[in-house]
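Below are two complexes that have chain A in common, paired first with chain B and then with chain C.
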Partner chain A sequence: MLELDTVTAGYDPRTPVFRGASLTIAPGEAVGLLGPSGCGKSTLARVAALLHRPDAGRVAVDGREVRGWRHRAPRDLRTAIGVVFQQPRMSADPRLRLRDLIAEPLRATGRRAEADERVAELARTAGLTGDLLGRRPHEVSDGQLQRACLARALVLRPRWLVCDEMTAMLDASTTAALVAVVEAYRREHGAGLLAVGHDRVLLERWCDRTEEWADCVRTA
Partner chain B sequence: MPGHASPARSERSAPAPAWRSHGRTRRSTRTVRVAVSAAVTGAVVLAVLLVPPLVQLDQQAVDLSLKLRPPSWDHPFGTDDLGRDLLLRCVYGLRVSLLVGLVAALVATVIGTAVGAAAAAFGGWTDRLVMRLVDTFSSVPHLLLGIFVVAMFRPGVWPVIVSVALTHWLSTARIVRSEVLSLRSRPYVDAAISGGASRWRVTVRHLLPAVLPQAGLAAVLMVPHAMWHESALSFLGLGLPAHQASLGNLVQTARGSLLAGDWWPTLFPGLFLIIPTLAVAGLAGAWRERINPRRRSELML
Partner chain C sequence: MTPVLSVRDLSVRFRMRGGRHIAAVGGASFDLAAGECLALVGESGCGKSVLASALLGLLPGNAQTSGTAVIDGIDLLAADERTLARTVRGRRIGLVPQSPAAHLTPVRTVRAQLQETLRELSGTPRAELRAAAVAAAERAAFPPGLLDHYPHELSGGQAQRAATALALVGDAPLLLADEPTTGLDRDLVDRTADELRRHADGGRALLLITHDLAAAERIADRVAVMYAGRIVELTGATRFFGAPGPRHPYARGLLAALPERDFTPIEGMPPELGALPDGCAFAPRCDRADDACRAVPPLRDGVACHHAEEAARA
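And now, the complex of A and B:
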């Protein structure tokens, strides 16, 4: 279970972006979160990925209550959640080749040995072919870069996936391809998914259940 | 840019190019600039490294019979008021100035990078305290602070280096701090954290490689500044010992003879100061254009 219970978060404690947001995802379930721009759903996604400390509320991953955030979160908890962000340009280190970009989590967690094999396998599933793996982020298109970012999120085989408007910058065919990659991974590993976005048609077709932002946030 | 050119095309019936690239002309001046700067810097480095072992300079030797000779074949830059060859003394002076400039810039960059990175990494009160300290330092004029530092030691090369280094790390600290602050909030750092990277891993793998080119550039840009600073201290009689050939000392001792109309003892050390520093600054400017990743991608595509 990925539980977010009455979470209040923001970037200034006096004026939080939202108050009392609750959301629960069962193991293997795909939940879509729909909401207008600027309502705070990306912030909630960051909270769910343990990347932003909420001002109040409780977060639990697989029954373990989260007490630390970002670097203070236990490593096995952090790596249990894979994240894909909206803008691939911003979420890829411009100095790393795509091969290193995808392998980076393996190296950071001391599993360097399996990097080559795993990168090759993921590149195939994510549709990164030929010399793309040897290129740097500025030499590939947004779609190709987002495929690499998705591969990076999957490389540690997380139990949960958080996709924060993963396909907002992409065209329909790339969107379909990326969603297919996520779904194939989920079928294989039974991972849960939190997909955030404002494309109702996409999320309703993709996810088992979609939540409206207004229903998640209990008005305080 | 195509929008600019389309009206011109409809007005002119001649087969004028619809879109004219400004890239080529600009790049060619850049190539020339870089080539000239590199040639001058190379020549200076060679001169400074090769001449002293080949031609020894006795700093104390004077020959009053050759006093204040204008430039000639024997003495291309003329002689100074004690009959010493100016060309040789200029090369030796440039050597000292370059050494001081390089070492001081390096030390200043290391201090600045460490302070800036620490301020940005710790944040909160540490950041505020350190940056107010930086503000306090920079509110005192550079030269005045440098004079204070130099005055605490006996004259020599090292006090000058310490003085220049201690007054020049402030801008690097600011640059590095702002750079680290902006990088720290990038989604790719979030992605690295989510991928299990430790603080150390994020710093070494993502933050430092991004900051180092900026810090290196700041160091190179600081070399001319440090050289000017050293010369200013020497010119004021506070830097290197007066008998030692340095560009500041050379200009300082030639001040008296300039009033009598002897222009060469001031002009040549001045040129030796200005031309190498401009060359270094030119190279640094080209490097700055180079390390901007967007610029690099434009060049490739």
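And now, the complex of A and C:
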């Protein structure tokens, strides 16, 4: 289970972005979280991805309560979760070639030896062909860069995926292609998914169930 | 009726290091009448925004253009910078930008920016500027109470309206909206699109550049589909989105990829603009491709494909 229990979070403890948000995802389940612009759903996604320490409330991954937050949670917990953000340009180091971008989590966790094989495999899955892997972010399109960011999120074989508006910048065909990659990975590895967005049609088609932001946040 | 904008055989290519060329736009032709909205759709990197920059004369120095794009007797591709700056930008073409938050000047209030634009474009006397700025804000449904806010104090939708208000100041006959709805949520997309439509209904021509097919469906009269720098289909919006649907295989694939339809992607990825295949650029991804596709299909009868769905059946 990925559990968020009455979580309060924000960027200033005096004025949190939201209070008392709860959400539970079962293993292998795909949950869509729908909310309007600026409601705080991206902040919730960051908490669920263990990248942002909540001001109050409890977060648990696979039954283990997340402790030892500094700003983020300890790395051995975080590696269970793959994250894809809305804007590939802002979530990719502009100096890294796509090959190194995808392999970065392996390097960071001291598993460099697996990199070549794993990157080649994921590039195929994500549809990155030819010389694209040798290019830097400014030499590829948004769609191609987001494919690389998705591959990076999958490289450690996470049990959970958090996709925060993964396809908001992309055209219909690339959107369908990236969702297909996520779903193929989930079928193979039984990973759970939290997909955050405002496109109801997309999330209802993609996920097992969708939650409304207003229902997740109960102001105490 | 004479069109507001008439584009003929517009091509843009970029000269790169080592004598390479990137063909970003190839042979685009279309007319746009007053009160009409043409949606230019296609995936990112297909050349849509380059076409918009060409119309505004905002291409970088290594770009080479050919063809014509005539508005009000001025050929935008041949005009010099002085003509473009003094008579075209803002006065004949109003730009509704992609990310309004980045388009607005961060250190000045919306009021200051509107007043400056009014002074420059319409020569409003100083004494009347305040009232004129309020009126200009109201035309774009920007709340006058927020005029003294800085751009960072506005929400995405408010910033979009502020940018639209600026675009409308010069009473330009052509509005050019470049991905005006990227990053907005569905309600805001609908509202922004409807407001743009309202300005078209008021007698302006509207060129909507977008990858958001839902926004295009909502407000466009005609749809132009761009693939690898070329317009591959140009047709009425009702027949494109409704029955009988698009005739070009790429356009059919793009529509089928929508989550409310089949949700299946088109196999493969678009070609590099620097290394376009000979012949039809879509052929490598197309299930109808055969020997005929080794020649570039011309846009004939609204579609550029050797194996288009029959117009009769369509």
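One rule holds for everything that comes next: the second predicted complex is superposed on the first by the 216 of 220 C-alpha atoms of A that agree within 3 Å, B and C clash if a C-alpha of one lies under 4 Å from a C-alpha of the other, contacts with A are read in each partner's own complex, and residues count from 1 in each chain.
We adopt the following convention: contacts are C-beta pairs under 8 Å (C-beta built on N, C-alpha and C of every residue); 3 or more make two chains touch, one makes a residue touch a chain.
The structure displayed is predicted, hence computed values, not measured ones.
In the superposition on chain A, A:25 makes contact with neither chain B nor chain C. Of the two partner chains placed by superposition, only chain B is touched by A:108; chain C is not. In the superposed pair of complexes, A:202 makes contact with chain C only, with no contact to chain B. Residue contacts after overlaying the shared chain place A:193 against neither chain B nor chain C. By the document's definition of touching, neither partner reaches A:4: not chain B, not chain C. Of the two partner chains, neither chain B nor chain C is touched by A:217. When the two structures are aligned on the shared chain, A:142 is found in touch with chain C, with no touch to chain B.
The contact surfaces that chain B and chain C form on chain A in the two complexes do not overlap at any residue. Chain C meets chain A in the complex at residues 42-45, 155-157, 182-188, 211, 213, 253-255, 257-260, 263-266, 268-270. By the touch rule above, chain B contacts chain A in their complex via residues 186-188, 190-199, 201, 205-206, 209-210, 293-294, 296-297, 300.
Within the complex formed with chain B, the residues of chain A that make contact are 46, 49-51, 70-71, 75, 78-79, 81-83, 85, 87, 90-95, 104-105, 108-109, 138-139, 149, 152-153, 155-156. Against chain C, in their complex, chain A makes its touches with residues 36-38, 86, 127, 129, 141-144, 168-177, 179-180, 198-202, 204-206.
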